[in-house]
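What follows is chain A paired twice: with chain B in the first complex and chain C in the second.
Our next item is the complex of A and B:
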């Protein structure tokens, strides 16, 4: 109950398809069982990298702002957008900086490397250990449910629109089985030359 | 059992706070002002740990007003900017040895976009921009009333009617008299106090 990772609730999922990736999040912000807001997106964009953050809401906002600063500084210094792989190392080292007083978040990164054209997803624990995955990454209070739905729905080399459907169904059906997540969702479908953001309406209970 | 309430409408933001200063079950004062005006079009209401609240509120008020003095009188912090600043200060304090235990509602009216703003912040510095908000036990009684009756385009009269409905429900359900609400409204004209007629 007083676990910082499950005070506010929330869920994020990322998936790899054929030359595309998808990342989705729910929209709930709560205090224990009470819902405070149903418009609290947990995905933030940084150049070619998309960062999903679940966990303690205050740290979600703090980290999103911290990375906005760090990625802007990176872009000014390097005169190019940050690559998803580089972003992963930036997130990892920023989290490990707080090894003995961590930010209570479980970040997820999704993106397509504009140089190589390769899809990339990864997840982290709260102290920055990177979890590279070829299939999907889940995080948040609905992660147990997301492992189940992703494990049964996901298959290799899905086309963008099929990946959107798979990712959305996995997310929506997981958050419906979790009291601390839900209230609608945002899903991004990322291909090399196009990004589609869709707002999903979910159960409002 | 401190009550904080906030409602936005078409062209206004209402922020209300209970008048009782309490310590445990004792009422120490019946006309306590739990609000601070930050600049011409933003204000905040606060509740929480006794000493922390006023200390933090005055620190914020001083810094927002300092920003106003350092810049042109026509260049004041917008309500979203004020809310972000407050959140950052509270989040910074959260990671210190003695964190402020303060819950806040920030109400404002953006005169450039002509939009009302209401921000909800808890003592962990979780921030949410929402159409109506409450803190403390009032959340359990008032949010359901507002879920049913509020919609974004309501007039000030309807807003005050909703405020009265919430007040009457709290008077009926809370075990301790919170000595009524003092209500402030923020419109394009600025921050004004409004008298909410007493319960019938």
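Our next item is the complex of A and C:
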């Protein structure tokens, strides 16, 4: 229980659909078994790239702010928004920079490349090894549960609204079986020209 | 860590000077998973047929679901430490058989078998049988009954509608919550105020769910795979099917 990845709790999931992606997170922040806040979102937006962060909450906040700085600098230099694939490499190299004293986070990226129109998701371990997945990425204290629900609910080429339902059901049912996650959820459904953010109430226990 | 791990010998030519501590570890986790789902008048019990220790596969054909007698509807599924799991199944089989001859050829009821299994498990309270059990059968009215136990015997007398245990239970349980008890599902058009009502599912639907659960668990858990033993208990008696699961 002194594992830094499971002190605060939390869950993130990302899925690919037909010309769309979805990314969702829970809202709990805890200290071991004690819930401290039920409004702690774990998804952060950087232009076209959506970054989900689970793990040690202090590192989640630090990384979110570090990437806000880095992505702002990138936009100033390049005079364009960062692409999800570029964001993935930025996250990876930033994490590996701390190879022997890592940030205790498991990041997930989701987005649609505005130039190519291609959906993109990926996940990382805490030292930046990228997991490029064609289907879904899970992370956080409910990752076992998410692997189970995603593997059985997900199917290829889901339309945006079906992908939203699949992603939400996978997330909600998983966090309900994890004591360290839950207390509501945020789900983003991302298409090339529209992003919908929905707040799910979920079980409040 | 394995109970049967090869012994390590001190290197020849060195005096065994450092104090050594010997330990006997009576338990091994042999992996695998089991599921039980109760319909209205039928029961599905299933388990994969992989038997592991650590990263090794000992067997691809070791069954986890046991029929407790030829002429009753009692079925027991066990996971955990394979030896203890088998011993519990054998103890129960003997008890069910004994009961019949002690009670004028009347079979043990599921309720009685459930209570007896508790006694067996709690009887080992201070040196537990390391196995998770799911017991099922039809009651006197032909209704399906399902009970699930922890290694020291605690169970619910009301029984359950569905149960899962073993290595991949954390992957399977939330899926079953959603697809069997319709958790987090609402009636369309009611603005999330009316929960979808739980109903008994037909046999073919339940079989599909069980197969989906195991193929998914096989995909993401290394201790689950090889084969799926799927047992159906209904008024037509006991039916056992075997399906292939991925062997990697």
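Definition applied: the second predicted complex is superposed on the first by the 205 of 205 C-alpha atoms of A that agree within 3 Å, B and C clash if a C-alpha of one lies under 4 Å from a C-alpha of the other, contacts with A are read in each partner's own complex, and residues count from 1 in each chain.
Here is the rule we go by: a contact is a pair of C-beta atoms (placed from the backbone, for glycine too) under 8 Å apart; a residue touches a chain by one contact, two chains touch by 3 or more.
Nothing here was measured: the structure is a model prediction, and the numbers come from that model.
Colleague: State whether chain B and chain C clash or fit side by side on chain A once the two structures are superposed.
Modeller: Chain B/chain C on chain A - fit side by side.
Colleague: Between chain B and chain C, whom does A:172 touch in the aligned arrangement: first, second, both, or neither?
Modeller: second
Colleague: Is A:58 in contact with chain B, with chain C, with both, or with neither (first, second, both, neither)?
Modeller: So A:58 only meets chain B here.
Colleague: Let me test your reading of the model: by the given contact rule, A:139 touches which partner, first (chain B), second (chain C), both or neither?
Modeller: Touch partners of A:139: none, neither chain B nor chain C.
Colleague: Angle at chain A, chain B to chain C, CA centres, as a multiple of 10°?
Modeller: Placing chain A at the corner, the angle measures out to 100 degrees.
Colleague: Tell me which partner A:101 touches in the superposition: chain B (first), chain C (second), both or neither.
Modeller: First partner only.
Colleague: What is the contact status of A:126 with respect to chain B (first) and chain C (second): first, second, both, or neither?
Modeller: neither
Colleague: Now for A:152: first (chain B), second (chain C), both, or neither, which partner does it touch?
Modeller: second
Colleague: For A:6 in the superposed arrangement: first (chain B), second (chain C), both or neither?
Modeller: It touches nothing on chain B or chain C.
Colleague: Would you sort A:92 into first (chain B), second (chain C), both or neither based on which partner it touches?
Modeller: Touch partners of A:92: none, neither chain B nor chain C.
Colleague: Aligned on chain A, what is the least Cα gap between chain B and chain C? Give it in whole Å.
Modeller: For chain B and chain C in the superposition, the minimum C-alpha gap reads 23 Å.
Colleague: Given the complex with chain A, which residues does chain B contribute to the contact?
Modeller: Touch residues, chain B against chain A: 87-88, 91, 94-95, 120, 122, 124-130, 133, 139-140, 143.
Colleague: What does chain A use to touch chain C in their complex?
Modeller: Interface residues on the chain A side: 144-145, 147-149, 151-153, 169, 172-174, 176-177, 201-202.
Colleague: For the complex, give me every residue of chain C touching chain A.
Modeller: 168, 170-175, 177-178, 183-185, 192, 212-213, 215-217, 219-220
Colleague: Spell out the part of chain A that touches chain B in their complex, as residue ranges.
Modeller: The touching residues are 7-8, 29, 31, 34, 36-37, 39-40, 56-58, 61-62, 65, 101.
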